[in-house]
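To keep things simple, chains are lettered A, B, C and D as they appear, and every chain counts its residues starting from 1.
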């Protein structure tokens, strides 16, 4: 039980570092750490498949892509203009307001049932595969359109035009 | 024939399509011919319908065309209602519309936009027919909006002149304000009665107790709609400006038909208004106030069309007065006779303007009697008719209104008679300034003077004839008639007349009232005669021609002095005051102020769109927090 | 389902055509493909209207979906007809643009027929991701770049909220299926607070996609910066689709009385804000395109009326309004493209004197403006009328009055361009209007008038 | 594995909701206070991940696998979005040599 709170604390701590560190490269690195802590959360919930996907896709692919772009564009601390302190304070206050109202409207501070693994099997690849390729087959296939569209678009946009048209 | 009522609006629509699509191909003569022919056909059908309705026992016919809107429990059919009221309006719209079409073929002959003009005119007739034929408020509203649109297009017809375009805009804005009231009223009718069909709303309303708050609200909103379209206080200032359009347009739209739409609408909804005495009181007061205000302004106008425009506003005021005192038949009677003589006067003015090479200022006219004999005689008839001198048509309708007013309230009656005197005064003033004494224009104009072509004079003669005899359809009982119009319209106003009761004046009083108003009109006409014909007084800006005055006999001079001191000066002051302060400053100011306020708000609000993503997201988060707060308190 | 397959295959086919440099064939193939898809769509028409959901409850392709899919396909067809020679001027990769538009259309058809929140989510994302790309296709154009980034960042941000909302709905009800969610609402004695919060957050996410105030901030900038053809697509097809999704979610799952009491006030506020901000801000705009962008915000406000007065009639009300708005907007954007291409700038002054030189263009644009303003005998009037009567039948009198007031303001700015065309003179040359444009203009104008005069045949569809 | 998963036994569901709301809000805060488009985008990813975790928690709570499948779709979306988003940012960087969102405010009013 305490393990959850400890990991949760780590997640929050690193995510705060993500948004407050001045250097974007550090932000990416902290974000990777944050995602790693989230992977641990998935393991705690016995969502093994998601843990692995999170590890590979998020930490591996997506964050590396971020890092790659940052390096490509050569953005370091000097080139990042920071917002004025006033805006920062306003941003933090707005974020806190959002948090308070979110939590308030969820009534999340009251008592609730403890989370119980009713069915420890559901997070396993075997079980998820059955659901994914049976009930959720259609969205799975449709996702390919999303990825295809994104692929075409990304190439289209990021490609350097050979000459000015 | 009644089942073929859809032919009536169909013909002008076809005319509009043919002329509109072929306006670059069709020669002028053909366009004019088609335009007039279609309206003539409508008129022929209207007569057939009228005759059939007159002889038929059933007085209300609903002719469904198709189901227009069907949504949930709401069914709005596109259907027409033929009853005495709409049959009467059909005759006015198509009959006078036809005459004005014919007139326009002569008047607009040299205009480059001839075909365009006729297509708009036909479109206008189409929408006007929809307005009067609709069997529910929505079809009526379509016509209502459509005529507004056409009026907008036609006022701005000579759009090269920027003042004309701004007049068009003003007319449009004021009409929209009125339409807003009308539309909300219609929605409230739907919310209250669950239907918009006349045949379903009115019987339901008749079962309600008087002074039902919903009814009062509905009728006030409808009346606001009427003030916009029919140019009543406070939305009347667009009508004089609308004179920027071609004169046939002024005659057709801004005198005979469109501006009476408000009266038609109230007469149509008479039962609603009868059950809301409070609203009727307001209608009467606004009506008489408008009648007097516009009449005083008309006294000092020098533009011949402006005089007629203010006169129209004033006469419309009378019609509202009639509605307000419950004399629905009287109001419709005046609509009819007013359509005759005011169309006549406008067309006559158009003929004068035509002859004067587009000069509209009466100070540059004078002595046209000999040069334009037909125009003069017809306009004289029109003037006598509008002044309410028997036996011309205006006398009967105005007398009926005043009699009912007298029964309702003596004060209103006194004011009404004063207004009638003003009417006679400024109309004869206009007549004398234009046709009597010496010509005051330039030599070129004098050389150019000519009587208008046949296409223009024939409509004048027809309208003059109608102005003379038009009143005979409503000869009151005391004069030996039996008021055919009142009997004809009785089924429409039945529910109201049960509640208001008939005119209960004894014969003596009635004769007395007639005598007073006729005498007042004659006196006012005589004053005008003395001042503008005999004394050749020309409203030149400031300087009075002392030389002329010196030649006058002592006695007359004396009268003139008294007149000047006691009546003329205060009157001029009042007239100028109303014109400058009420019309131009207060009402136009408020309307323009609303427009400016919107623009300023727009300028301010658009700054929110700062272009900065950070700010946008910040605003979004603020919105989300607000919604969540709502959620927090409402779960 | 076969519609979705057809369109996505068509997209891939077009992509290959581009690979083989068959530039001439792109547009005809796309148009023919869309016609086929349209035919397949109508094939699903079910007179009895008792279609069952398919693919384990993922899709429900009922008459509602057929109507909205057909509307989306027809509008896309009309918009693509305007694209002749359009993309060629922007970039060499023409085939990809058609492909991405078709992908977006696939997403749109999915969200018009979803029956499971996962399909809604994927459909919306296919649509959004494609739109991010399309917004930025003028790669060297600064405005297009900026629009793409704004749209993307704010879109991704709002996706987070939509997702959060869906998550909470799932967390409370235990299912993504619309019917299951309805059963949860019906069967549970006390609905969990996170369900309410989920409704709020879903509203936020969908309102962002639709462009309702105060989540509208991206709309004017993105509409202005995006290539006009794409703006036309976004402001018509996409908006319609989002409302179809909105309506489906609320009508199937969230229409119980207690829930309505909760979310109706929220939508009333959002609708009034959208009306106010959209209409008032549009008044001062000097450019036609940006004016249309603000006016589109106000139309979202009117469309929200159908949700506020949720009933079985809402379907046809939204459909009619969306159809009227879409058709009229297509005319407006077509005219805008002609003016932009040949004058280079879309300020109102550039419309001066069009009435004399281009009577057809001016006439069609006038009718489109009248329809957008809601003048009777045009489709727009019927749409507004249905919305207002709907709102009145649920006793939102104050809101209706406010909306009517706003409609009056709307007339001002819509007629500005009409005034410019007819009442202001300018020395100008006749603009060349390509045949394709003429077809679109005439067809859309006829549709506007036909719907306005005889709305029965389209209102009774659903 | 058993012993690890046992450690969440007894954690109330509300604490998961609370935790995810905090993470989500931190993401929102990041969007609000940063000017670098890439970092803003990263904050959005943080928001998505917070939701993912919440979905998983609900899925476990209901004993229903569809929540976890949904997370899978969200990750697919995230991948697509990242590809497109970074392409847009690269494109803009080419034109303006900056990823500062405040530079991009030519479209306004």
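Definition applied: a residue touches a chain if its C-beta (ideal position, glycine included) is under 8 Å from a C-beta of that chain, and two chains touch if they have at least 3 such contacts.
The UniProt protein names, listed by chain, are A = NADH-quinone oxidoreductase subunit J; B = NADH-quinone oxidoreductase subunit L; C = NADH-quinone oxidoreductase subunit N; D = NADH-quinone oxidoreductase subunit K.
Keep in mind the model is a prediction, meaning the values are calculated, not measured.
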Remotest chain, chain C as reference, centres from CA atoms: B
Contact-richer chain pair [A-B vs C-D]: C-D
Centroid distance [mean C-alpha coordinates] between chain B and chain A, Å: 70
For chain C paired with chain D, centre-to-centre distance based on mean C-alpha positions, whole Å: 28
Centroid spacing, where centroids are CA-atom means, of chain A and chain D in whole angstrom: 4
Rounded Å distance between chain B and chain D, as computed from the means of their C-alpha atoms: 66
Where chain B touches two or more other chains at once, by residue number: 606, 609, 611, 613-614, 617-618, 621-622, 624, 628, 631, 635
For chain C, residues that touch 2 or more chains besides their own: 118, 122, 125, 129, 132-133, 136, 139-140, 148-150, 153, 157, 193-194, 196-197, 200, 220-221
Residues of chain D whose C-beta touches two or more other chains: 17, 24, 27-28, 31-32, 35, 41, 61-62, 64, 66, 69, 73, 77, 80-81, 84, 88-89, 91, 101-102, 104-108
Chain contact topology (line, ring, star, complete or other): complete
Chain B contact footprint on chain C (complex, rising order): 149-150, 153-154, 157-158, 161, 193, 196-197, 200, 203-204, 208, 214-215, 217-218, 220-221, 262, 265-266, 277, 280-285, 311-313, 316-317, 375-377, 382, 385-386, 388-390, 392-393, 395, 397, 400-401, 404-405, 408-409, 411-412, 415, 419, 422-425, 454-456, 459-460
Touching residues (chain side chain D, partner chain A) in the complex: 1, 4-5, 7-19, 21-30, 32-36, 38-39, 41-43, 45-46, 49, 52-53, 56-57, 59-66, 68-69, 71-73, 75-84, 86-91, 93-94, 98-100, 102
For the chain B and chain D complex, residues of the former touching the latter: 606-607, 609-614, 617-618, 621
Footprint of chain A on chain B - complex, ascending: 614, 618, 621-622, 624-625, 628-629, 631-632, 635
In the complex with chain C, residue positions of chain D that touch it: 17, 24, 27-28, 31, 37, 40-41, 44, 47-48, 51, 54-55, 58, 61-62, 64, 66-67, 69-70, 73-74, 77, 80-81, 84-85, 88-89, 91-92, 95-96, 101, 104-108
